[in-house]
Amino acid sequence: MSRIDGRTAEQLRPVTIDRGWSKHAEGSVLISFGDTKVFCTASVTEGVPRWRKGTGEGWVTGEYSMLPRATNTRGDRESVRGKIGGRTHEISRLIGRSLRAVIDYKALGENTIVLDCDVLQADGGTRTAAITGAYVALADAVAWAQGKKLVKAGRKPLTGTVAAVSVGIVDGVPLLDLCYEEDVRADTDMNVVCTGDGRFVEVQGTAEAEPFDRKELNALLDLASGGCADLAEIQRKALEGTL
Amino acid sequence: MSRIDGRTAEQLRPVTIDRGWSKHAEGSVLISFGDTKVFCTASVTEGVPRWRKGTGEGWVTGEYSMLPRATNTRGDRESVRGKIGGRTHEISRLIGRSLRAVIDYKALGENTIVLDCDVLQADGGTRTAAITGAYVALADAVAWAQGKKLVKAGRKPLTGTVAAVSVGIVDGVPLLDLCYEEDVRADTDMNVVCTGDGRFVEVQGTAEAEPFDRKELNALLDLASGGCADLAEIQRKALEGTL
Amino acid sequence: MSRIDGRTAEQLRPVTIDRGWSKHAEGSVLISFGDTKVFCTASVTEGVPRWRKGTGEGWVTGEYSMLPRATNTRGDRESVRGKIGGRTHEISRLIGRSLRAVIDYKALGENTIVLDCDVLQADGGTRTAAITGAYVALADAVAWAQGKKLVKAGRKPLTGTVAAVSVGIVDGVPLLDLCYEEDVRADTDMNVVCTGDGRFVEVQGTAEAEPFDRKELNALLDLASGGCADLAEIQRKALEGTL
Amino acid sequence: MSRIDGRTAEQLRPVTIDRGWSKHAEGSVLISFGDTKVFCTASVTEGVPRWRKGTGEGWVTGEYSMLPRATNTRGDRESVRGKIGGRTHEISRLIGRSLRAVIDYKALGENTIVLDCDVLQADGGTRTAAITGAYVALADAVAWAQGKKLVKAGRKPLTGTVAAVSVGIVDGVPLLDLCYEEDVRADTDMNVVCTGDGRFVEVQGTAEAEPFDRKELNALLDLASGGCADLAEIQRKALEGTL
Amino acid sequence: MSRIDGRTAEQLRPVTIDRGWSKHAEGSVLISFGDTKVFCTASVTEGVPRWRKGTGEGWVTGEYSMLPRATNTRGDRESVRGKIGGRTHEISRLIGRSLRAVIDYKALGENTIVLDCDVLQADGGTRTAAITGAYVALADAVAWAQGKKLVKAGRKPLTGTVAAVSVGIVDGVPLLDLCYEEDVRADTDMNVVCTGDGRFVEVQGTAEAEPFDRKELNALLDLASGGCADLAEIQRKALEGTL
Amino acid sequence: MSRIDGRTAEQLRPVTIDRGWSKHAEGSVLISFGDTKVFCTASVTEGVPRWRKGTGEGWVTGEYSMLPRATNTRGDRESVRGKIGGRTHEISRLIGRSLRAVIDYKALGENTIVLDCDVLQADGGTRTAAITGAYVALADAVAWAQGKKLVKAGRKPLTGTVAAVSVGIVDGVPLLDLCYEEDVRADTDMNVVCTGDGRFVEVQGTAEAEPFDRKELNALLDLASGGCADLAEIQRKALEGTL
């Protein structure tokens, strides 16, 4: 059986990472997973939120948003509605947690980095593309902060790399990196965030229809681990400039 | 090694489920997991939200909230702040999804059940206590709807049972059903929602400090499966009136 | 003529006051007036709002809220609607004013006590139950603050006791402590807050249907004074531990 | 003893009522109680709120607001803050209830009248001036609706007249119609709404400092009844055009 | 051809400016342009917003609002809706910019003046009446600040005068100072803010129907310049007390 | 004298228009004016807002927003702040009015087109780039609607073309299409929206420092007319596919 777009079950969509897409941000990336396109910026500011002042430790946080016409039908802007939806909150929090997993707060010092992930076009997997792209923007921002001496010489705020991918069971078959059409048909949907050394930062699996058993869970985790390893390699090349 | 409260690693806190705590709600439960106390009500209304009208299918949703002094220091009310926090949104969505996993929408017919889970006292595991209690309130509400003939004779809107528990790795040891003091010290925190037949509805694991590897993940899933099986038994007794 | 629940016109519903219902709050009470159940907590924090800093005086304030299914039909949460309704505001303000009537700000010193009154089940008279219960929680919180030396030795922040009751004219007969069914049929509805020595803190009478004359007003005030005296006695016993 | 502005204890401030202040509204009045100036408009629309449709009954409601510089120091606009304060809510509700006390909903038919009371200049007693002025605007609006045949021939939507006044105890002396300087020094503050035949619609007394006893309450009610009778006479003359 | 109200094309409506309408505000004016009536207050406070502190410079800002029944049909209050509409924002910003054009921030020193313009009755040209009246209130407030020595002796915070008028093309004819009926029929609508020496502070022209050419634009600018000159003269007389 | 980036006074920055940037939207364009980059989408939906139903006429509206890191320092998201700023409202309204100037509502029929203009990178002139790009997206969307027969055969909803440019006086010299550095130094700033045949849709001139006289205004209008003509030619080429 082959997939809608001809991929094998364990194959990522074409992934591109364009660094330096913004002249203003300290780190910025346009990442695409197939037709999903997310613009990630990393903004560095000296100082930390009030509750963290005087600790000598930094802070990293994320905000996720969709442009109104990122999807097939136009959605209302959350700024117009005056409140942020539950899904947006949930993904923003996930992005923040995922990136903080590879940050040494002490080494970062009292600096704050905000990762803004704005979805320009959605075709499934927007949160995983956002995390994967945000890591590269974060790495560029950290390097910028080191160059500007905001980070003390010799300190390494980044303790590793992080990437994310979705997996799901469609028509009984576990698949990697679902596009929108696969996502809506999936019985189980899982988002997995891994570090570059293959450990887990987040595992979020949801039964959309039928509950899933331990065997299915294991198959999905295997697929996701492989996909994250592939993404870590792509991130490495992007940062080397050899992508 | 023994735990703060003398439990073994795979032991739940004392769980109590008091049904019929409200004279108004169609189903209502005061559930406690140790010092965590959650008041769960199930409200049945005829009809469904606009986007579901005419489908012949019902709807189930959840809302979670903490009383301001449920915790050690008083928190601002979300109604006073004028917006709902990300954590509240996230847990409300989780409760809704978890309960919908055991609902046959067709059998429910065009009725809506809202599960309100208000935390009266928090000591870790509020979302898992909420889901476990909400299931019992839901079962009572469904029985009420059947009695009132809102549900067609012979139809069974409930397709199974659902319960939830937290697990985590504290000082390198996987533990079941973390209390607050364990929760803040945990490296990894996972919430698992299972059906009564042992399958997974939700698996949400987060590395709070160090990322976790596959072996740790497996140990946590084993613990959680056992805990959910124990909770399913407690739910069964509560509904039988033999708790 | 006897009432729905067999009481005489000048009789309170059964009143219970359970102290120490929360392990977190400095004072906490579950109070019931018949089927009306309100959970009152008193939270003490050092310091006062900005506009009161440096005065040497403390502050006491209240917040009232109904759980969504406290009533016969589920109401929307104010946090979800994003704004607090007029009724909630009005009752919160009433609770704060009523309790401040028995506080010596100087003796309290620069400490703040917040009284949260959350209605778990409503059957008429929620605001009067809230005030009556909040007084007991406040007394426990003041004692706690004295024990912790937040209040200077020898100072008595509480200058008296306070309780509240509703009265109304139903089918031409003045009645004490209306339950919901009586309340909706009342021509005139009055809430009266009294100190333990029988003086008035608040008198709020509203003609729901026909305006009322001075004679009716006097009959209602007589009833309310008697009811508040009974409640003061119940509060005293609860605080002595002899209730 | 004479008052700040030379009045006797039982004397109203000079009251003026200018009808027809707006060319758009169906009823409009600029009322002044001394330096307190309130602009009251009554807007008639055919139809009623959704919850009242099909009942054949009308609806009357009120909204109160202060211009930002109505007071001695400028206040933030509630529209800018994005939420309505508790005091505004409370007074808006009071205005609505007070005017509804003299409305026969059936006679009004399915029409809605909104009373907007905007305080242009505040010097104590803004809510009582608002109610007193709103009655006159309401009477004009009802006459307009009768003229336009929105109200059936022969039906009288107005069942009486309504006016309001504040009273308070200042330095131990009960005074009628407090100006701002008296209001801030009052131990007890009471707002009383009466119909033209001398019955009570609302009695709201609050102990600002010391609780008040029954004798003081009686003295305040006597004063208020007299003041409302004077206001009823002034309203009558304004509507006759002989003020 | 003559206009609805008999004016010639280049004639203003009757303009009245009543100073000292509020006893609280440092400057206050009730201005009317025909049936358009705007209440303008200028509130002086020592100090400036945070972002301007320590600069030695003052600040001037404006807020515009309509009473709900200022227009022919009642509009919802923005405080009730919980958000400020785009039109209100836009006009508030315009008022602030227009008045700041004649302010020497250094001479004003670290004082803030807020101009509140509340429309009591609308009949076209509310924003231009607001600016014209706000200037007079501002002049009175500046004089007050000079009298109170908030402004250093010899400093002149006002560098000139400012007034505003609307112009438009109705049925092909350029007209000055449109009333509501003309405004709704206008093809092009322009608001022009001029200083007393005839220079432009703001020019805002909008094609409501057909785009306009350079010749039409020139005709409108000629008309507006004349109107603003007439208004400057009226302002001068109002401030002299000879209006 | 030459400009920061070497342009002459009457020269536009390099303008690029990439059509078809989104696979979801009916029309979509990434437009750049130098370093200013705006993503414009046109979304077509059948039907019109409630107030326009049954008229047979369509509707066109616009929404403008800045990504948080579009500028040199990160701004808070309006969705997070919970309210839309005045500047955003003002520009959204301007975009809507500008595009409606070239729409024949009758020919469009009861269809709605929403133009979303999201600024990805800001370097001055974001609103004029937004309008210029939105026109191209609108033209593509109209063509799509014609292809789908949403628009009746033979009807031409577009009555012309529209483009916009900023002009300003910097150091006494009138300049076309200001970049950010020029914009902050400008004495006068003007945004001009023209149709392809050289007429004006909007003229918005603001004195940022000194008021401007008629001669300066004329010089700015000349420059703007030339710039809009150049932009109309670029739009034409983009739509022909020859850009």
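Letters are used for the chains, namely A, B, C, D, E and F, taken in the order the chains are written, and counting of residues starts over at 1 for each.
Here is the rule we go by: a residue touches a chain if its C-beta (ideal position, glycine included) is under 8 Å from a C-beta of that chain, and two chains touch if they have at least 3 such contacts.
On a predicted model such as this, the values are computed, not experimentally measured, just so you know.
Student: Between chain C and chain D, how many degrees of rotation does a Cα superposition need? Round to steps of 5.
Tutor: Rotating chain C by 180 degrees superposes it on chain D.
Student: Rounded to a whole Å, what is the gap between the Cα centroids of chain E and chain F?
Tutor: Chain centres of chain E and chain F, defined by C-alpha means, are spaced 28 Å apart.
Student: Taking the mean of the CA coordinates per chain, how far is chain C from chain E in Å?
Tutor: Here the centre of chain E sits 51 Å away from the centre of chain C.
Student: For chain A versus chain F, what separation do you get between their C-alpha means, in angstrom?
Tutor: The mean C-alpha positions of chain A and chain F differ by 33 Å.
Student: Please work out the Cα centroid separation of chain A and chain D, and write it as a whole number of Å.
Tutor: Roughly 59 Å, centre to centre.
Student: Going by the touch rule set out above, which residues of chain D reach two or more other chains?
Tutor: In chain D, the residues touching two or more other chains are 82-84.
Student: Between the chains shown, work out who touches whom and classify the graph as line, ring, star, complete or other.
Tutor: ring
Student: Take chain E as the starting point, go toward chain F, and spell out the full loop of chains.
Tutor: Loop order (chain E start, chain F next): E, F, A, B, C, D.
Student: Can you check the complex and tell me which residues of chain C touch chain D?
Tutor: 83-87, 89-90, 92-93, 97, 101, 190, 194-195, 197-207, 210-214, 217, 221, 225
Student: Considering the complex alone, what residue numbers of chain E touch chain D?
Tutor: My answer: residues 22-25, 28, 35, 39, 41, 43, 45, 63, 65, 67-74, 77-80, 82-84, 88, 114, 116, 118, 120-122.
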